[in-house]
Structure formats: C-alpha cells, structure tokens
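Input: a single structure, listed below in structure tokens.
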Amino acid sequence: MVTRGTTTATAGTTRTAEERARRVAADVPDPELPMLTIDDLGILREVHVDGSGHVDVDITPTYSGCPALEAIRADVLTRLDEHGMPDATVHVVLSPPWTTDRISADGIEKLRRHGIAPPGPAGGAHGDGRAPVPLALTVRCPRCGSPDTRELARFGSTACKALWVCGDCAEPFDHLKAL
Amino acid sequence: DERDDAFHAIIDADGRIEPRDDMPDAYRRSLVRQMAQHAHSEIIGMQPEGNWISRAPSLRRKAILLAKVQDEAGHGLYLYAAAETLGVSRDELLERLHSGKQKYSSIFNYPTLTWADIGAIGWLVDGAAITNQVPLTRCSYGPYARAMVRICKEESFHQRQGFEALLALTRGTAAQRAMAQDALDRWWYPSLAMFGPPDTPSQERTATHTEQSMRWGIKRFTNDELRQKFVDMTAPQADVLGLRIPDDELRWNDERGHYDFSDPDFDELFRVISGDGPCNEQRMAHRVSAHADGAWVREAASAYAAKHATAQQE
Amino acid sequence: DERDDAFHAIIDADGRIEPRDDMPDAYRRSLVRQMAQHAHSEIIGMQPEGNWISRAPSLRRKAILLAKVQDEAGHGLYLYAAAETLGVSRDELLERLHSGKQKYSSIFNYPTLTWADIGAIGWLVDGAAITNQVPLTRCSYGPYARAMVRICKEESFHQRQGFEALLALTRGTAAQRAMAQDALDRWWYPSLAMFGPPDTPSQERTATHTEQSMRWGIKRFTNDELRQKFVDMTAPQADVLGLRIPDDELRWNDERGHYDFSDPDFDELFRVISGDGPCNEQRMAHRVSAHADGAWVREAASAYAAKHATAQQE
Amino acid sequence: VSGLVEYTLRLGDDALILSQRLGEWITRAPQLEEDVALANIALDLLGQARSLLTYAGEAEGAGRDEDALAYWRDERDFRNVLLVERPNGDFAETMARQLWFTSYQYELYDRLRASADPTLAAVAAKAVKEVAYHRDHAAQWVLRLGDGTDESRRRMQGGLAAVAPYVDELFDPDGVTGGLGAVAVDPAALREPSERHVDGVLDRAGLERPPEPAHVARGGRRGLHTEVMGYLLAEMQHLHRSHEGASW
Amino acid sequence: VSGLVEYTLRLGDDALILSQRLGEWITRAPQLEEDVALANIALDLLGQARSLLTYAGEAEGAGRDEDALAYWRDERDFRNVLLVERPNGDFAETMARQLWFTSYQYELYDRLRASADPTLAAVAAKAVKEVAYHRDHAAQWVLRLGDGTDESRRRMQGGLAAVAPYVDELFDPDGVTGGLGAVAVDPAALREPSERHVDGVLDRAGLERPPEPAHVARGGRRGLHTEVMGYLLAEMQHLHRSHEGASW
C-alpha cells in the first residue's frame, strides 16, 4: 500500500541485474488472461535490484478487489526464484491507478487475436478524474470486424470485461472496458 | 444432399461449423442440448458456492469466491449467448431448465456443508469440468469451441485457487485438516460421476449417443477416457495436499501407465440425475423463485426499452 | 344521578368497581386506554427481547429468556381479556394499536444491540414497570387490580433475573463488563422517561389528566413520585453490580431522604412517542406483518369453530 | 464415542434444534395464544435438550457440559434429524412438522421410560407428559387448518408435502440403537404407531397423505445436514463462541 | 483511537458491509446480468474495504490486519452508516440504496483523491473509477424501473421511501472529519452534489422525492446500529471466530 519512489541504479551490474529481473517478471502471464503477460497489461510497474541483490517488484491491481493479485505475486516470486533471484519482495501499489491505457500495443493485439475486443482510450473520459462512465460507441467484433455490435451486459465474467454480441456473425465476445 | 455434403466435408476435415453454415437438425439439437446443459450448470453451480460468500473465513477468500461466482454467472451469460447463435433464445432455454426438460450437472445436487467444500469444488469439480472441456476447445462448432477456450482459461485459475484453499487447510490446524479430508471424502465419487456412465457396450443407447457425438466432433473422448485423465491428474495432487483419496483400490499401475481406481456408484448417479439427490429440489426451487421474483424487473426493463425505442423512432 | 353516586361512593370508600357495576363513560374510556396501552406494551415488548432468543449465550439464559417472553405474551393475553370486561374486544384493541390510534410504552422503540441489553431491560425496564404497577394492585377497577397482582409477581421475578444476568457480566471478563456498562449507559434515561412527563403545572392538560386519574383511583402516584421511587430503588443496586449510572448529578440527598438525579430528555420522550424513535416503524411493521401473515390461520380457526358449532347444533 | 453418548446426543440435538426453530416464531405467530404455545413447546424441548446434553457430556467423560456440546460442536457433529432443522415455512408447514415430530417423539419417550438406563428413563418419563400436550396442540391445528377454509386446507396439504421427504429418517434403524439393547428404543418400531396417529389426524381433518416424495432426505444422524443448518448454528453459537471461557 | 483510524474505519466499514449485503443477491438477482453486476460491485467494494481496513490497522499500530478488524470487532465497534446494513428488500429498494450510496461515495472519493494522506488519496483515485460504474448502474436501473411498468414505478417509489430515513446520516458532519483537516472530506459538503445527482436521475425517471420521513435514523458512526446488524455479523464472523488463530 506504499508508493515508492524510484532510485537510480548506479552500478552497471545492478542495471544488468535489474533488466534481467524485469524480463523475468514481465513474462509472468496474467492468471485470468493468460495470453497476456502482466507487462502487456501494465500491471507490472517498477523493478529494482539493490546492491545486495534484493529484488523489489511493484505491481498494481486492475481493480480494487482483484483477487488475482495474490496469484500474480506468488508467480512473480516463483519465476524470480527459478531464475536465481530468490531474495525478492512484491509490493502492491495503488498510485497512480491502473487504467486500460496502460495495456501495451502488443497486449491490445493479443487481446484482439484471442477474441476480446480491446478497450477504447480511457484518457479522455477519465483524464480529469471526474469520470462519467465512458460510452463505448464503436466496439468492433474481434472476429469479423463488424461494427454492428451491441452490449449485452455491462459487467462481464471478470470485473474488467463487458459482454457484447456481434450482429453480423452472431457470436458473443468480451470487451475490455475502458477504465 | 448438397448442403449435407458441405457439412460433412467440414466435419471430416476437422474444420469449424459456423452459425450461418448449414447443419443437420440433429446436430443442431444435440449442440443446443449440450451447450444449454453447460450453461445451466454454470448458473446452478453458483448456488453451492454462493452459499459460503457471506461466511468466508477471510476477506481474501471472500474476494476470491465472489470473483469465482461472478465468473460462473459470466460463463452462463456467454454460453447462453453462444447457444443463441443456433437460433434458440435464452428465455427458451431457461424455460426448459425450469420445467425440468433440460438438466444441469448432477454434481450441484450435493450440499456444501463446510468451508472446505469450496476448496474441494474448485479443485475437483472444476478440475473435472476442465478435463471435460479442454477437448471441446477443438469442438466442431466454432462459437462453442471458442467459448471453451475462454472458459477453460478462467476455470484453470479457479482450480488452482481451489487447490490453494485446500492447501491452506491441510497446512493449518488439526480441525482445518479434518475439514479438508472430510470434504474430499464427500466430493470424490460425485466428481468421478461427472464424466457420466461407463463406456460399456451393454448400455447401447448411451454408447450410440456418444458415438454419434464423436463422429460430429462435439465429443472427443469417451467418458471412461476422461475419467481416467482426471484421476491421473488428481491423484498426485492429493499427495501434495497430504489428503487421502477415499478409494482403497487407488494405486499407480505401471503397466497401464495410469492409476487404477474404483468407479463411482453409477446407480446413485442415475438416481441423482432423475431427481433423487440431496439438493435437486432445493436448487430448482431457488432458481425458479429467483426468476419469478425478478419477473417484474425484467418486464420493467422491456417496457422501458420499448418506450424508448418508440420515442427514438418518433 | 343515582348511578353516578353509587360509583363515587365505591371510589370514595376505596372499594372496587366490578365489570357489571355502573361507571361513568369517561372512567371506562380512561381505563380501556390505560389497560390497552399496558397490553400493547406487553406484546410489543416481546420484540426487543425476542431478538436475542436465538442468540442467547448459554442454554440456561436461553431458557430464562424464552420463559420471560412467554410470560409477556401471557400477560398480554390476560390484559386484553381484562379489558374485554369493559366491553371492548381484543380485535378492536389490536386494530387501534395497528392503526396507531393507541400507543405502547416508548421504551420498546429502542433497539437491543447486545446481550447485556437483555439484562438491562430486565433490571431497569421491568423495574420501572413494577414501580408503575405495584400501586395499581390497589386500582379502583377490580379486574385490572387483580391482573396487576399477578403480573407484578412475575415481573419481580423477571427483574431479579435481569439483575442476575447483569451481575454475571460484571463479574465476568472485561469485555462482558464493558458490555454491561454500555447497556446501562443506553437504557438509563429511556427507563426514567417511562414514568412520563414531569409533574410541572405548566403542562396543564397532562396534569389535569393525572389528577382525574388519581381521583378515580386508577393512578396512585404522580409521575415524579414514581420516578423518584425507581431511582431510590435502583441506584444502590447499580452499586452492587459495580456499574456507574450515567448521571453526574446522581447522589444521595440526606435531607430529602432520596437520591438527587437529572431528568431524562423529555423532548426526546415526546419525539419518540410521536414516532421519531429508532424502532417505532420497525416494531409496528413487525407486529402488523405478523398479524397480516396470520390472518388465514385465524380465519381457518373461526371457520372450523363455526362448522363444528353448527354440527353440534344439528 | 460410545453408543450411549451418540444416542443421547441424537435425542438432545433433535430437541435443541427444534426448540431453536420454534423460538423463531415468537412475536411472529398468527395469534397471541400461539406466541404463548410455541414458546412453551420450545421451552419444554430446550429443557429436554439440556438434560440430555448434560447426560451425554457426563457419559462421555471428557468434561463437556451442555453449553460445550451446544455451542462448540460444528455442523458435522450435530446428530439431529434433518426434519427439525428445516426452516419454519408458514404456520401450516410448522404444524405439519410438529404433527410428525410429536407423534414420533411421543412414541419414543413412551417406550424410553422403560429404558435400562435410569437417566434416560427419568428424562423420558418427565418429557412424555409434555410431549403429549405438544402432540395434541399439533393435532388440533392440523384439524382446524385441514377442515377450516379452502386456503388453510391448501396450505396444510402443502405443508404436509413439504415435510414428507424428511419423515422417513425419524424411523431409520441403525447399529447405534441396535447395539444399545434395552437402553435405547429401536426407531423402526416407532413407525407404525406414529403413522397410525398421523393418519388418524389426517383422516379426521379430511386431509390426504401426500404422494411419495422423489427424494427421501437423510443423513442428519451422521452429521450430513442441509445447507440451512450452518446458518442456524452461526446465529445460535456466534455470541457464545465470541467469548471463549466466559460465564453467563 | 486517532481520528485517522476512526475515519478510515468509517470508509472501510461502509464498503465492507454494503459488499456483504450485495453479495446476498448472488443467485437471487432478477436476471443473470445482474448476478454478474452485483457480484462485480460487491467485489469492488470488498477490495476497497480491504485496502482501507489494512490501512486503518497500520495507522492504529496495534498489529490488527484487515481480518482482525473485519472479523473480531463487535457490533458496537463497527462504524458504517445504517443505510448499508439495511436488508436488501426487493430489487427496487436495493437500487434506491445504490442510487444514494453511489452518489455519496462518488463525490466522496472524487474529493478524497486530493487528500493530504497519500494512501487515502491512492485508494480513492483507484476506487472513484469503479464507483462511477456503480453509480451509472444504479441510475440506469432507477430510470428503467421508474419509467417501466406501473408495478415497477410503484416499487421504485416504495424503495425510495424505505431508504429515505437513512440518507441524512451519510452527510452528518462531526468532530472526527473536522479534526482531520485536509486528510478527510467533510461529509456535509457532499450533500448538495449528491442530491443534485439523485434529483437528476429521479427527474429523468419521472419519480418523486419521497416525503420527509418521521424518523431520521443515525448512530452508525458511533456504533449504534439497527437490530439487523447483529445477525449480519454473526453470519459473517462465525466461521472465522470458530478457528481463532487459523490461517485460510
């Protein structure tokens, strides 16, 4: 629950170690969207390695109640351990809050490939924080690309998803809500 | 005829049938029944687990359980929507559930008596469901196959969380360990029964049904093959948990490369399917009364939508 | 007239008016109101206590509480029957309760938040009730006076049990002691308010009402006299319990031979009487819905009785 | 656990849990007379439960008193039949449950007066007189509801159907009672007289025995309860368990 | 107890208890979409509660974590407003409660993002986006029910009247928030924007503001709850308290 400042690594070895630690942590798949890594989703924040080799990893939840966070924490620690970095701590940071804008371009493409309509930009709707619920006007079917789609349920099986259905190919699909 | 030939050509090439493709009526009916039963199972399955949301022993476990039950409702929604691509509405399917014409998985006719049952359901019931469903990701009907891809991913996460919930118990106090073992004792055979009756040729109707479904690519393995997969996956996990599977016959068979095990009581399975389970009546009554109590809300939503559709046209 | 004279002769001789005696309409109306309010208080008073039957912390306390609530229902029955001697039916009186035309004691519009409240109600509320009612054993209306004899005996027993329940707490753990003190803090002033508004001449209507009731022998002491009696009885008991009455002014006054104390907030009393109490709405809604839910049962009982009365006559 | 302890817990738990359910009626009964009557029956049952649980604790010899047994056992350790833990339903359903349970319990206590165990015999001798009243109370109401209005008859018939799946368990024989010889009463022997009494009341009320239920519910004697039981226990035990070791 | 701890408990308890109530809807919602939506909202609230209770425990410095605060405090120590502990009632009453609570909570979190306390600010910044969805969800339903059928309009009007006595407490100012300066948000300042939002929704729905209630219920912030609260806590806490010291 603490927001940590960044420290600049001075020694080159630390930087190398830090890059390696980050690559390892970045590869951890999201438990609920396992085709995406936590880096794709923007859940992974800072990774630091101090002089003694201790790794600090900051992750942030997609939403307040996200119960996958514990699993992510465990998976990050396991991966680091497997890669010879057993001395690690995973911190949960809330600030700044996660938004769908943090999903990488790669992540957006993977979502689409797996039949999940990616979110539109959240920044406009939430930029001032006074958040009217963003209207998703042009959600395209991730399968056939048709814009003839409609929202079936604003809340989907996981908190970040809504359920939509395509008017052309008739198939239901998940849409990651702009948050 | 020509349309039949096109359908069979796709099936034979292990391709995907899509909603707008031609398909034989029997194939469509079979799929509707299978997808509906799957959707019904998701929503009825919320009841035994929902039973513990208010009483979860830690806030973290409460959050995990809430998220899981929410996932199941979401899967139900998704599956009903996928079934609608076959030209049958959710309302019709619910009506068939409520009138008893369509079934849901019998496993949900057992009660959740202790918190450990939540772990056992995640580990065993979701484990069995995944074993059943992973092959369906290659099912011949496109929307169902893709739904299975998505649902299996989320269910794998549930299974892992169920296992972890049990692990916390078996690494906990004596009372917690006893609770975990008791849950395994009660849920083991009902979980094995989830794969359906055995593949004996004597039960010809069932066998024929299975064969037809396999020819159509909407079933990929026989019941006994799936049951074996499940036992092979689960038995070593029980060892990790330090729990004893309540089957004296259970042991590794080097020759077969599989675990030997005793079958569940299939007579009980048939009794429970046909209504004689501890919770059949309770589950249906709960479901039907929720639906009936909500009728006025659904009517209001329809009336509102109709008014505003009219208003827009004017 | 002559009948009035007979009535006043009995009253003046401190005798008893009996059901078949002549009595002025105003006397009858006053009595009906007073007895009905008393009966209503018994049955509404079951709610705050009934609230803890299912959760009582020991089987012994559960039995005592069950017996007490049963007594209250019995007192209610008895008092409605006594009121019926004045020519008004229980159904009519219940109708006046349910429509809000008649009141019950405002003390029952406070919630029972912890187990200690059960002890506090027994000790303070029953104590105040007894203080109010013991003089009524000499009330001019025979059936009411006799009812009071019986009821006061049982309520003394309840008061003693309430005191003992609190004593168990104050001799128990720190958490139990805190629970007991908290209950006293919340119930003290509402209990003092049970004796009604103060005897100030400024509130003339009330004073007149009291005076008339005293002339008729259906009230024997003024509100303030009764309140003083109650404080004099209760303050030393609080010492035995080791609890602090939440009144900085409370101390023995040697000169007066009484305890000095602060009055309750009479504005609050009037607010609660007129509907603005924490539980007014809840108590009435509970009572009315129990009555409504039971209508079909009462109708069945009447129908059965009518059929069998007819059958016997045939 | 010895057979005697197990058997005594069964009797005690039946009484305790039914008492808990009947207590829920108080302030909610259809008329004031029934608030009194149901409180009275609940109190009688609670008294029986206290004697029986106390005796079970003594027979067990592990230092558990009535409260330890009522408040510190978990759901899987309760031995009551499923019938008594059922939610009350409407007044007709409660009376249907009362009709069956009192018929059973009356026959049981009547025979248990002759138990080779003097404590059980003494508890039964006292309780059988109370239960005679409870049984009469239930019978009177079943008559009035069955032979009252159309609605009451319909509801009474519904109540009988609702409890039907839970009746058989009362009469299930098993090794525990069998192994106790003249100490215990064979539940199977109570079926015929209990059914005779119930049938007699239904006949007089012009009510029909409900059809055989699709499912016969059992398991309470082995601690396999229905999902409502956990909620009942949470409410009953929460305060006591929150103050471990405290006296009340 | 410091003002910060007290204030954080208030925020956390509101979220926790409302989450508990909304969770009761699951498997009972009028349509599957609402099972999902209400579970989702309950989960968001639970997540907020966990962050807030964890922080309250840290600020208190007595070693209490989220579970110690949720499971081991007694009724008199809970700081939630009475509104959130009310039984759900029908769907209209739940939506009336949601309309008021989300309007309040949205305005609260929106301002709390600028709190001088960085943790509260971070929790609020995260939560405000979630609550925007909750508030929209409530508004959509109030519109549909108010402007749906005669029955839904009648029920929605009834739901608004049922929660009316519990609205004022949300905006009660007191010394705790006053004493915290720029750390806390003055609840009184939230009244006007919350009411404006609610009034806007009611207007669009063609609904009337219910008449002033005879009694305005308050006391939750001082641990003076309604009688339903004890039952809610018994259910919520029983299992946890039954295994003191266990990990789950």
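Labels A, B, C, D and E are assigned to the chains in the order they are written; within every chain, residues are numbered from 1.
We adopt the following convention: contacts are C-beta pairs under 8 Å (C-beta built on N, C-alpha and C of every residue); 3 or more make two chains touch, one makes a residue touch a chain.
Which chain is which protein? Per UniProt: A = Ring-1,2-phenylacetyl-CoA epoxidase subunit PaaD.
Everything numeric in this text was worked out from a predicted model, so none of it was measured.
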For chain B and chain D, chains touching each: E
Chain centroid nearest the full-protein CA centroid: E
Higher-contact pair (C-beta pairs counted), C-D versus A-E: C-D
Chain separated most widely from chain A, comparing mean CA positions: C
Gap in Å, rounded to a whole number, between the CA centres of chain E and chain B: 35
Separation of chain A from chain B, taking each centre as the mean of its C-alpha atoms, in whole Å: 29
Chain centre separation in whole Å, for chain C relative to chain B (CA means): 59
Junction residues of chain D - those touching two or more other chains: 74, 234-235, 238-239
Overlap residues in chain B, where contacts from two or more other chains coincide: 55, 60, 63, 66-67, 70, 73-74, 77
Per-residue multi-chain contacts in chain A, two or more chains: 65-67, 152-153, 156-157, 159
Interchain contacts, given as pairs of chains that touch: A-B, A-E, B-D, B-E, C-D, C-E, D-E
Parts of chain C lying in touch with chain D, wherever the complex brings them together: 43, 46-47, 50, 53-63, 66-67, 69-70, 73-74, 76-77, 80, 90, 115, 165, 168-169, 171-173, 175-176, 286-287, 290, 293-301, 303-304, 307
Of all residues in chain A, those that touch chain B in their complex: 31-35, 65-68, 70-71, 114-115, 152-153, 156-159, 161, 163, 165, 169-172, 174
Touch list for chain D against partner chain E, complex: 74, 231, 233-235, 237-239, 241-242, 244
Contact footprint of chain D on chain B as seen in their complex: 48, 51, 55, 111-114, 182, 274-282
Chain D to chain C touching residues, read off their complex: 16, 20, 23-24, 26-36, 39-40, 42-43, 46-47, 49-50, 53, 66-67, 70-71, 90-91, 143-145, 147-149, 151-152, 155, 235-236, 238-240, 243, 245-248
